[in-house]
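Next up, some structures in structure tokens.
Here chain A shows up in two complexes: once beside chain B, once beside chain C.
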Partner chain A sequence: MTKRLTLLPGIALIGMLFLIPVGIVFQQGLFDPVFTTEHFVRFATRGAYMRIFWSTLQISTVVALVCLLVGYPIAYFIVRQPPARRPFLMFLVLVPMWMSILARTYSWMVVLGKEGIINQSLIWLGLIDEPIKMLFTTGAVYVAMVQIMLPILIVTCFSSMTEIDQSLLRAARIMGASPRKAFREVFLPLSAEGAITGTLIVFILSMGFFIVPALLGGRRDAMLANVISGQVSQTNWGFAAAISIVLLGATLLVLVLVRGASAKLVHHQEEAH
Partner chain B sequence: MQDRNPLLTLFYVLVVIFLFFPILIVVPISFSSGRFLSFPPEEFGLRWYINYFSDPVWMAATFRSLRVALGASILATFVGTLSVIGLGRKRSKTSGALTALFVAPAIVPNIIVALGVFILAVRMGVSDNELTLVCAHAAIGLPFVVLMVGSAYRQIDPTLERAARIMGAGPLRAFLTATLPPLTPAILSAGIFAFFVSFDELIISLFLMSSAETLPMRIWNDLRFEINPTIAAVSVFFVVVTTLAMTIAELLRRRAEKNNAA
Partner chain C sequence: MQGSRVHFEKVTKSFGETVALTDFNLDIAPGEFVTLLGASGSGKSTALNILAGFSDATSGEVYTGDRPLTGVAPEHRNVGMVFQNFALFPHKTVAENVAFPLRMRKGARDEIDRRVKAALEMVQLGAFAARKPAALSGGQRQRVALARAVVFEPPVLLMDECLSALDLKLREELQDEIRRIHREIGTTVLFVTHDQTEALTMSDRIAILEGGKIVQIDAPEVLYDRPRTRFVADFIGQSNMFDLSAVTDGTAAVPDMGIDIPVSDPTAVAISIRPERLRVIPGENTSGLSVFQGVVEDETFFGPVVAQTVRLRSGRRLEVRSQRSGHDRLPHTGQTITLAFDPADAAPLVAT
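Up next, the complex of A and B:
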């Protein structure tokens, strides 16, 4: 009984600084002071906001898929190395995560700027005469976000891959499967769930990005978090709260849809075998 | 078992270079001495480090961030460890739901938490207050403590604590002598993690604080107007501090795993 009491400080902290604040966001977005959908109507009918909504979804989806395409082979490579070497290979992937996101964003500004390192080098090499515009573009946002998110996907894929019994692959090979076929029929289905989880985590975290689009993107690359922050600084709390609800709702919807689809897929595969 | 695919090895090397790229760039810039950015820098010096360490505004922001992160980390670690004990070892529906609740702040975008905490703080008259910021940062650090300490707690053999109880120790004493010592490395490494969650947090601080800047706020306000190499010096300083702290945390975690396995 006394053990249960130790939960109270945690519940109090989460209650006061997470549950009640999120509740307040819903209240601010939906009531003014009586129930209203005015903020949501404004959001849905002004083209600018809907465009930012779709581009937030698009950026998060592309970042998640690029991380999957790059990170899955990396995790596979590490897991196929001798166990003694794996921690070091993982360590190299994880160290860049310890650098502040603001510091990394600064670094990309220095690299991609008009007088930045890439432009200076290209001009020095004589490959271009005029600097190329790289900073304040969607491409800069993608590069920085993938650099930030990739380690998270690799870790998630790697930890699910280490649980795969490697002798299954050997068995498939002994039974005459080609390496490619052994990978496709044995390794891929067993590692799919970890890969989907990792991709979803990257997607969810990307949806809330704020610093990178603000500092590296152009005017048209703002994401929902930037709009929320802009509305807060104009003290439009109700509208900021409504956009927050849209952000949270869209994220959860994608989460549920992908989870549902992947459960069906895994189930389907099990039946096929 | 080893895969000797040279293409995959090359791909790994390229990806690691890409991941390290921001660090590799920032180090030489921080040691340059020219006002204008050039790469590779023409002259080397400690100009930007001297700038950083002698500027009272940067130093005030740094100490404020250290203070807030220390407070948030202690609070999150203490509350998180208590929660782990309360959740217990057995998995039930209640403990599952509570774990989900404790982990939720890590999944919900910080901007939403920031907006809610800000409005609540304004209503209660405690906005622009370091203590409010400490509590808010503790809440977003809590998920990591619950996950990290929780997984260590479930690996500890409960018979030791039970034995202590049978030998007549009270519940608190049994916990302090039998369970806490093997749990300490995990608690410390979770504390270091929670420290950096707070130390690197921008958006909640930005909403909540108006008169006093934290270090991320200082960097943010600086970056919006000019690219100032002082930030490179700040970044390198913190990469070194973070790498040291995280390496210590990782070593603690490994030692704990070895001790628990023994």
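Up next, the complex of A and C:
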């Protein structure tokens, strides 16, 4: 009983700061003032909104997968280092996270801009005559989002990798597994959980990204969060709420699907032996 | 299955400044059960890791059979190993764990199934094939690790302190089981432990390691009866050690006892007498024995055995263990007693 009592402040906090606001969002999106699906119909039937919806999904998926492909090997590399060297390497990974996303996004403008470091260097080297357009492109959005999200994935992978007993890999080797086989049979399955979790976290955070597409993307690179912000500033509360609900629903759906698929995959792998 | 010979030839290993093994020589006969016994840091695990291929010798060579192992990856050494923490794959079932070395060797599916079944039967875990390691007790995990290490019939089996994580009763059971399996499969075993009882009960021969060197390697009873140095006498069992005067004409004085005894080894500087080899004698019939006196200071009752601490005239104390057989009453604390031992039971110790 006392155990449950100590949970009360937490429950109260979640209720006030999370459940009630989300409830209000649902109420705003679905009642105007009586029950209506008008906002959702508008969202689904206007091509522009659906296009932004799909590109938001696409950008988030690509960013999450690129982070996985880049971050997993980095985490693996760090875990393979002598334990005394790991904290310093993790420190290097984490340093960017101490700066605000806004500051990092502006830094990318300095790097990618017409007068930016990359263009200046390329012109100075004589490789190009005219500055290449990098800022305000989809590519800029991808690059900056991956850079911002990467530490999150590395940390998640790293912590699940450090929990893998190194003697398991030795055991695999002495039983006849090549280093590659030992990795595939032992390390990969045991670190998959952490890698999938990290990828999902990056995906979820990307779905709500706002600053990077607004500052680094072109006119057509807006994401759902940018549309929501636009609708709010036009005081279209109902429509903004409806888009928020779509965003939330889509994110949850992907979460459930990936979790289900990964559980099946792990299970299947075991059955196959 | 045929065990193969294992041969360490002048192996040294240093980690930077620290020397873990120096001039390590060990020749293990096919099918022999040899234990490396030593305190932590004595180099026993280093020797094992070099044989397994997890670390390279700084110099020297290791052979299994006639095959030199330098440059051979662990997966090509055909050596079985039971790890200290068992190292079972947590994401695989018991049967999948045991099948792993066979799968790596690309055996046929039904052949793998048959051998996994046989290996699990051998360790009496046939009913647990579908479980995950997390659902097993410590002793069962140990058995799975053992089955996994021998299922591919390796000619050499390494065991790294693999019983130390278990409680005493389980440890004794598994010692019996490991010996039985060793007899059944006939593989050469190199066992590493810091537990002398484990070493004494299981091994054909025991190598005592100190500071990266083998200080003595012998059969358990030889090691117990004839330790060569103070370190060995002290490490294996309990011992009373006494300094000797210089040995002349096969005789030396034991100043603490005030007697002369015959000593076979002219280089001996001390003797070691096991507590149970000392006899408390009431009568005068002491022909052929070395006799001296002391006062009983303390005693500990063990049931069939009584251990007594006896103070000699020189002030030195020694331990005596007596069987309480027959009806003779043992002298008690404060009494002066006569002690005797057969000089043949005094192992001459050389300086190290």
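We adopt the following convention: the second predicted complex is superposed on the first by the 259 of 273 C-alpha atoms of A that agree within 3 Å, B and C clash if a C-alpha of one lies under 4 Å from a C-alpha of the other, contacts with A are read in each partner's own complex, and residues count from 1 in each chain.
Throughout what follows, a contact is a pair of C-beta atoms (placed from the backbone, for glycine too) under 8 Å apart; a residue touches a chain by one contact, two chains touch by 3 or more.
Computed from a prediction, not measured in an experiment: that's the story for all the values here.
Once the complexes are laid over each other on chain A, chain B and chain C both fit without any clash. Applying the stated contact rule after C-alpha superposition, one finds that A:Ile24 touches chain B and leaves chain C untouched. Applying the stated contact rule after C-alpha superposition, one finds that A:Arg80 touches chain B and leaves chain C untouched. With both structures placed on the common chain, the touch criterion links A:Gly249 to neither chain B nor chain C.
Once chain A of one complex is fitted onto chain A of the other, the partner contacts of A:Phe210 are limited to chain B, with no touch recorded for chain C. Of the two partner chains placed by superposition, A:Gly260 touches none, neither chain B nor chain C. Look at A:Val186: by the touch rule set out above, it reaches chain C but stays clear of chain B.
Nowhere in the superposition do the C-alpha atoms of chain B and chain C come closer than 8 Å. Across the superposed pair, chain B and chain C both touch chain A at residues 170.
In the complex of the two chains, the chain C residues touching chain A come out as 52-54, 73-75, 77, 79-81, 83-85, 87, 89-93, 96, 99-101, 103-105, 148, 152.
Interface residues of chain A facing chain B in the complex, by the touch rule stated above, are 2-11, 13-14, 16-25, 28, 70, 73-74, 76-78, 80-82, 89, 92-93, 95-96, 98-111, 113, 115-117, 120-121, 147, 150-151, 166, 170, 204, 207-208, 210-211, 215, 225, 228-229, 232, 237, 240-241, 244, 247-248, 251. Within the complex formed with chain A, the chain B residues making contact are 1-3, 5, 8-9, 11-12, 15-16, 18-23, 25-26, 29, 36-39, 75, 78-80, 82-83, 85-88, 98, 101-102, 104-105, 107-113, 115-120, 135-136, 138-139, 142, 146, 171, 196, 199-200, 202-203, 206-207, 216, 219-220, 223-224, 227, 231-232, 234-235, 238-239, 242-243, 246.
Against chain C, the residues of chain A that register as touching in their complex are 165, 167-168, 170-178, 181, 185-186, 189-190, 266, 270, 273.
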